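Can you read through this structure? Questions will come right after.
Order as written gives the chain letters A, B and C; numbering starts at 1 within each chain.
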Amino acid sequence: MSLRLSGVSYAHPNGQSALQAIDLQVAAGEQLAIIGPSGAGKTTLLRLLSTSLQPVSGSISLLDQQPARLSGRGLRRLRSRIGLIHQSPPLPPRQRVVTAVLAGRLGQWSLLRALLSLCYPVDAAGARQELARLDLADKLFQRCDQLSGGQLQRVGIARTLYQQPDLLLADEPVSAMDPVLADHTLGLLGAVARERGIPLVASLHAVDLALRHFPRVLGLRDGRVLFDKASGEVSQADLADLYANDSLAGAAPTSHSQAGALRPGRC
Amino acid sequence: MIRQSSQWQSRDPAALPRALITLLLIALLWPGLQLAEFRPQVLFNSQNLDTMGRFLAGFWPPALDADFLRLLGKATLETLAMATAGMTLALLLAIPAALLATRALSVSRLLSDRAGVLGQFLRYPVRLLLMVLRSIPEIVWALLFVRAVGLGPTAGVLAIAITYSGMLGKVYAEILESVDPAPARALLLAGSSRLSVFFYGLLPNAAQELTSYTLYRWECAVRASVVMGFVGAGGLGQMIDLSLRMFAGGEVASILMTFLLLVLLADQISLQLRRRLA
Amino acid sequence: MKRAGGNLFILCLLLVAIAASFIWLQLDLSALLTADGRRQMHDYAAAFFPPDTSPAWLLKLWRGALETLAISAIGTLLAALFGALLSLLAAGRMGAAARVVCRLLLNALRSVPELVWAALMVLAAGLGPFAGTLALALHTTGVLGRLFAEALENTPSAPAQALREAGSGRVAAFVYGTLPGVLPQWLSYTLYRWENNIRMAAVLGFVGAGGLGQMLHVTLSLFQQSKAASVILAMLAMVLLVDALSGWIRARLG
């Protein structure tokens, strides 16, 4: 099992509960999409999986290791094997794309190599390769603040791919992209994960994208797992339950996507 | 072939300019270090270490005997008085200069948003004068005045008066130009003299900023007064200079502490006044 | 009304303070205005013109100007390096205790005026430009350290945090994640202080710390006013040039 959560709960520092008693298992090579309404806890779940947060109760096992027991070198090594694609890429605006992408392997490089790479990029060709997959090869030496939102998101993806992790996590990786690009990028992520035989866990706003690209879907609502099924078995009723919003007038959305991908839903 | 072209495309275009700039900086660094006689080992040669060591050892205990404290008190008051008197004289020069130099009172500008040519002939010389006055460091003026009028705070007061009139004049002119010209324009169109335009049209809006800057400058004047003491203009600065020459570490320690307290006090006074008048 | 009354009170206090200052100093400007005094001042001032422009002296001036420039440049450079190091501590990146200590240290360095530092450094390093360089370095470290720390505290920590979560070490995460954000601000502060330090470097010479200031002090002490006049003109020229140059650099950077 690449990933195992047992009874994991998390509460924010102000006491507000974010996740309750989550059980989840993901094997190597599996691809899982997490869907749910805003505030359901998708980002929190992903941050727990990337060891950015510690659970309040329960146990997490990632790549056959327990992050709670690791510290220092061990934790760094585990972290360098886990790649998280952020929704809003944390890239310094004045940094060049090549440096931003190469930063993906900082966990595997010595400090000396990292510093040398600032003077002259050590593996510009490798960065270029990853960017080429995302059609951004020509932006290699441009500054991040010269890119659009969607392009910046792709640079963030390129960085995580360059890291060559053993576990790929993605937090709304295509939220700033147009529908065609989003589709293409998700296809690419799936292909890369399959190629390298690594598990992929992504949270998505657009339900139809999730259902189309991922064989397994997990529905999260109010910090609890509502369902965890193969995407073919997800029913309208499931989705209605998931996205039901009593405070909003009108019926619960069907498989209409929310802000993000703008495909018409199935009738 | 493809591998070649991909390698060529992966060459960093910023590498050459960076390398050139680095070389240039290194080329400038070497003569710079020579000119500055940068030889850290000098700090550690036995003679200097000895001197410094003995001096620092003298810092404790700081001189606290009654006679010395009395001198210290007088010197502090002298420094404060120097700063205040100097600023007052500076104001006397700066205010008329600012009124002459500011474009805010230009009739042509108020009426048509563009300053007339004739007015520039009067304004530019005044601006130039203000620039010259503030470009020469006040301590140079102090040095000159010490030769002319003798040792003591008079030289310091005159030095502050001259330099700070330049600074105050320039900033006052700019502040007046930055406030809303509408009231001034209205008054001018109603037939007021330029002086009335200033008092009733510009001053009310600009008063707070003007006072704020003046108080900030007063703080700076207090510091400058200490520094000018080094060239003989009295106050705390002259005391430190003398004590340093006499190698009296304890006295230097006391004076330094007093100076730090004085600066803190001036900071606070200035802050409180700025808040009250806001 | 109460405020107007309060303000009036403050105004009266100020006027009293001003009057007291003049009285305390026993400012005897009347000496300047007697016929004898005026003649003395006139003679003194007249000796400044014309300023000495002999080639030998101009060469010395050139060398003095370069020395002053070098003092300010090296001093500011040292201050930027040490200030950057101290700012990391002062921004709380290595613990709260270090933060407090560092802030106190930076405050102390800033509060002592450059000239006083120069006088102290002359003791430690002897007369000459090295003392001036050290004095500028010490004072400016305090100023820049504090400014750098503020910039650090205001910069987003998300980039560096994300890198650390991907397994990067602390130093690498700082250099790749935080530094690109603060560096333009740091450079701007450094340039600004360098401008200021060139004026100061000229002045530090008065206590023997080299450069144009030392030349001015010596010539005035020897009553060589015409030579002193050209030193003052050289100082003026340098200040104006640096203002222009720095304005140009700032326009290119920003």
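In this text, contacts are C-beta pairs under 8 Å (C-beta built on N, C-alpha and C of every residue); 3 or more make two chains touch, one makes a residue touch a chain.
Since the model is a prediction, treat every value here as computed from it, not as a measurement.
Listed here as common contacts of chain B and chain C: A.
The busiest chain interface, judged by C-beta pairs in contact, is B-C.
A summary of chain positions shows that the Cα centroid lying nearest the centre of all protein Cα atoms is that of chain C. If each chain is reduced to the centroid of its CA atoms, chain B and chain C end up 9 Å from each other. Note: centroid distance chain A to chain C, computed from Cα atoms, is 51 Å.
Separating the CA-averaged centres of chain A and chain B is a span of 55 Å.
In chain A, no residue reaches two or more other chains under the touch definition. Among the residues of chain B, none is in touch with two or more other chains. Those residues of chain B lying in contact with chain C across their complex are 31-39, 42-43, 48, 51-52, 55, 77-78, 80-82, 84-85, 88, 132, 135-137, 139-140, 143-144, 147-149, 153-154, 157, 223, 226-227, 230-231, 237, 240-241, 244, 256, 259-260, 263, 273, 276-277. Residues 50-52, 76-84, 86, 90-95, 99, 103-104, 106-109, 111, 114-115, 118, 160, 163 of chain A touch chain C in their complex. Considering their complex, residues 6-7, 9-15, 18 of chain B touch chain A. For chain C in complex with chain B, the residues that touch the partner chain are 6-7, 10, 17-18, 20-22, 24-25, 27-29, 31-32, 40-41, 44-45, 66-67, 69-71, 73-75, 111-113, 115-116, 119-120, 123-126, 128-130, 132-133, 199, 202-203, 206-207, 210, 216-217, 220, 223, 232, 235-236, 239-240. Contact residues of chain A toward chain B in the complex are 96, 98, 119-121, 124-125, 127-128, 137, 140-141.
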